[in-house]
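Before I ask anything, let me first share the structure, which is written out below as structure tokens.
Going in written order, the chains are labelled A, B, C, D, E, F, G, H, I and J, and every chain counts its residues from 1.
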Amino acid sequence: MAEIETFPNPAPNRNYVIRHVCPEFTSVCPKTRQPDFATIELEYVPDQSCIELKSLKLYYYSFRDEGIFFEAVINRILDELSSATTPRWMRVTGHFNVRGGISSVVTAETGSRG
Amino acid sequence: MAEIETFPNPAPNRNYVIRHVCPEFTSVCPKTRQPDFATIELEYVPDQSCIELKSLKLYYYSFRDEGIFFEAVINRILDELSSATTPRWMRVTGHFNVRGGISSVVTAETGSRG
Amino acid sequence: MAEIETFPNPAPNRNYVIRHVCPEFTSVCPKTRQPDFATIELEYVPDQSCIELKSLKLYYYSFRDEGIFFEAVINRILDELSSATTPRWMRVTGHFNVRGGISSVVTAETGSRG
Amino acid sequence: MAEIETFPNPAPNRNYVIRHVCPEFTSVCPKTRQPDFATIELEYVPDQSCIELKSLKLYYYSFRDEGIFFEAVINRILDELSSATTPRWMRVTGHFNVRGGISSVVTAETGSRG
Amino acid sequence: MAEIETFPNPAPNRNYVIRHVCPEFTSVCPKTRQPDFATIELEYVPDQSCIELKSLKLYYYSFRDEGIFFEAVINRILDELSSATTPRWMRVTGHFNVRGGISSVVTAETGSRG
Amino acid sequence: MAEIETFPNPAPNRNYVIRHVCPEFTSVCPKTRQPDFATIELEYVPDQSCIELKSLKLYYYSFRDEGIFFEAVINRILDELSSATTPRWMRVTGHFNVRGGISSVVTAETGSRG
Amino acid sequence: MAEIETFPNPAPNRNYVIRHVCPEFTSVCPKTRQPDFATIELEYVPDQSCIELKSLKLYYYSFRDEGIFFEAVINRILDELSSATTPRWMRVTGHFNVRGGISSVVTAETGSRG
Amino acid sequence: MAEIETFPNPAPNRNYVIRHVCPEFTSVCPKTRQPDFATIELEYVPDQSCIELKSLKLYYYSFRDEGIFFEAVINRILDELSSATTPRWMRVTGHFNVRGGISSVVTAETGSRG
Amino acid sequence: MAEIETFPNPAPNRNYVIRHVCPEFTSVCPKTRQPDFATIELEYVPDQSCIELKSLKLYYYSFRDEGIFFEAVINRILDELSSATTPRWMRVTGHFNVRGGISSVVTAETGSRG
Amino acid sequence: MAEIETFPNPAPNRNYVIRHVCPEFTSVCPKTRQPDFATIELEYVPDQSCIELKSLKLYYYSFRDEGIFFEAVINRILDELSSATTPRWMRVTGHFNVRGGISSVVTAETGSRG
């Protein structure tokens, strides 16, 4: 896994929400080995640290050759980003492009928005 | 009924939501024998198993020659998909094309979103 | 009043929502005798019976020469459709076209959504 | 036919274009006696006279109980409005609502735009 | 203040919502004497009387030469319309056009929606 | 092939354009036997006859079980509709849904728009 | 008429196009004395001088109490702005709000775009 | 910090909401010294004073040469505007343009909406 | 280069246009080694052969690890697809995602549309 | 003026079009010293050299503290970029944000598109 860098939360005494939307996520279908494409939406309430934007981009980039299902992608991103930054609350949503005439959205969250 | 295939939920300890949207649903009006068209939106919180996407597509495809009313379509899809996958929560919404100058939406759900 | 036909609810044990949207409603202004135009949105949770779509269309059509105010249109449709079908919950919304530079929306409901 | 009123063109020495769009046109299908709905778009280059807006509205209103096909509606409006106002150029476009799953647009014009 | 006319609520036994949207509101900035433009959205649950649409239009028209700030416009409209019609609930929202690169929305309400 | 019915052109002395848009076209992929979905746009300048709308719907319906490629669908519809109605000009456009991450549009025409 | 100020064209050797769009135009209907509202779109190829933006705003503002028809508004603006700035080409388009269920667009131009 | 001017709240006895949206915010990235761009959305329930619009514009303008991260921008605006005007409730949202393929939204609030 | 498969043009006597739009193109920036993302639009008039859709998808897929500039991508796709299928006319357009605050579109064509 | 870097056109034998759209342009009004904001659209047919994207960004950035009118901005960008890269054809369009209730677009070009 690519390293997630963080920087100190400039307002740790306040519950506030950060959202990063990346329409440039791509991985590989483990069954067909064809590329999958998605927009990944990350929302979180930081505790002591915020996610540095460039390392987030590189982290998403590390899935480019990974064979992984939609449901597993979102749960793994949530696990890895929340364990790297211990946010008060975090939600990850993947909007996956049409496959077989069906588009898919997977949403998982952890913690409490406060 | 076409067989619904499933695969093990990769994150069974977490309540999270999966949504599949299929704009390519077609069945037949039981009164006029004319084709009906709809977008079917499926949302669920998986328990032990997730719905495999290709089998979902084939399941929808199996309605192509079925004579069935809008209200019955949605309730039957909800019954069959929820009994095949025993989700924690499931909602099915059908957006049906204009008939006689009127468009219709039918929404049914089962279980609790948690 | 045009007769509203019904058919048996295919899933009477479940609370679910049906919505019919008709952008082709027209009546007559009782003051100016000029035609009024609206989109009528009907939502309901059926109890024992569902509204047959073609009879709904004819019912709306019966207002074509009626002189009636916006507020009265929506309350009368709600009264007549709910008494004809005894739903668990029903809401009627009229989106009326611009008159004198002002567009209007009137929304009334009865029962409880459950 | 409802009378079309005109007023003198304030700039008869200039070729310029006037467009009136009315989303509130309704007539009756001659086969099924069901109402049809359309948006009528009128464009013209006036010569000596311009069409008065209120009389245009009443003219469209006069089709409310008329049984007439889409193609005939547009050609008749073009014939009647152009003969009432002798424009340098005139085009009539009807955008008809969905019937049998098909929406229709009919466009006819006369004269030259200059 | 222009007189607000009312007519008897056709369904006083029911709590229902009426919304009138007017994109043609204009007043004058008290500091610069330049015109301001807004869309005014009025929503209310009528008690015994409903607001007559033409008198509402004339009421809005009466602000045309008035020098008044955004925040004062909305509170004054709410005060005057609620005291003229004693609704069960009323909300007034003004969407004001860009001034100095900033667009503004002001929303005030009174009573309880029930 | 389903029979295309026509009716006499009400304005044969004028070149004018008729457009029918049907978002409810479905056929079958000859390679995979999976259903394909498209919006078919038909435009033509009638000569002596116009296409009757209901027969057009039934004609499109006749492709429902046909195994045929996108490119062949559009050329065949153009051939069959133009030979059935001998228009002055005709154009057929198919907007096909996403397959393998790629959406497709095929456009063919015959005659001269005049 | 409010004075139109100009400043020297910074590129008089080049034919290029300037467009100013003002959604805040209002005048008064000469028949009903009710306010009219429009978006005015001005396009021109400057010759020796360009229109100063603030004076254009004040010029439009000067119509606020003017009783004038749509067609006359556009032709008068074109006459006055072109005679004040002698452009190589100028076009004025007014998009007028709905009156009696009909919205209107009037477009006039002078000179040649080059 | 640029001075925030206020004026007396015209309706201090009522809880109501003011929203100002400014799509013209720009600051500088502290790491790369490249400009950042954002739309800043300010919402608040005033207590005794309202924010004067022109001073708000100048306040935003004062960030033009400031090197500051997204998260710090929003928390600082919230701190400074709330301490200058002591509102009952205030929320600041920044919609930041795409950087490295990722767009960001940061939202912070203080007080209670009442 | 991935092999482009073709099938015989079903209507070689007619000039008609085929368009394939793929929003799932990704390559790598040769300077930064970061991934680039684009929508590729292919339009052509076939001569004797049409491009098979699945092989087109695989052809685009072959750029996934390629380091190549925007301008070179489009010209190379045009060269390779036109030499593989010898169309009467072909145009390739790439809509590239924002990089450094700037989005880019590159369009190249060959042959004559006829 | 910031230096514009170029790289060799990969397809100098073909006339093709490159478009770069930058929504992050800002300069300063020479009269009021207030910031102006615009989206700059650059289109060109390269001859021997293409514009390097990062240097284009820095070039736009160099206007940040420049006091300059809309019309002069566009003509100067066209002059400077065309003299730095000697394209076969070039067009620059600026979409400037609302000032005084009026939004503006300025478009200038040089050379021939071929």
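Just so it is clear, contacts are C-beta pairs under 8 Å (C-beta built on N, C-alpha and C of every residue); 3 or more make two chains touch, one makes a residue touch a chain.
Just so it is clear, the structure is predicted and the values come from calculations on it, not from any experiment.
Undergrad: By residue number, over half of the contact pairs should agree; on that basis which option among F-I, B-D or B-F is the same interface as I-J?
TA: F-I
Undergrad: If you average the CA atoms of chain A and of chain F, how far apart do the two points sit, in angstrom?
TA: For chain A versus chain F, the centre distance works out to 45 Å.
Undergrad: So the centre of each chain is just the mean of its C-alpha atoms; given that, what is the distance between chain C and chain D in Å?
TA: 31
Undergrad: Two or more other chains in contact with one residue: find those residues in chain J.
TA: Residues 23-24, 37, 57, 97, 101.
Undergrad: Where do chains touch, given as pairs?
TA: A-B, A-F, A-H, A-I, B-C, B-D, B-F, C-D, C-E, C-G, D-F, D-G, E-G, E-H, E-J, F-I, G-J, H-I, H-J, I-J
Undergrad: Enumerate the contact residues on chain D facing chain B in the complex.
TA: 37, 97-98, 101
Undergrad: Which positions of chain I touch chain A when the two form their complex?
TA: 23-24, 26, 34-35, 37, 57, 61, 64, 97
Undergrad: Would you mind writing out the residues of chain C in touch with chain B in their complex?
TA: 7, 9-11, 14, 16-24, 46, 50, 53-54, 56-57
Undergrad: Using the touch definition from the top, list the residues of chain B that touch chain C in their complex.
TA: Where chain B meets chain C, its residues are 69-72, 74-75, 99-110.
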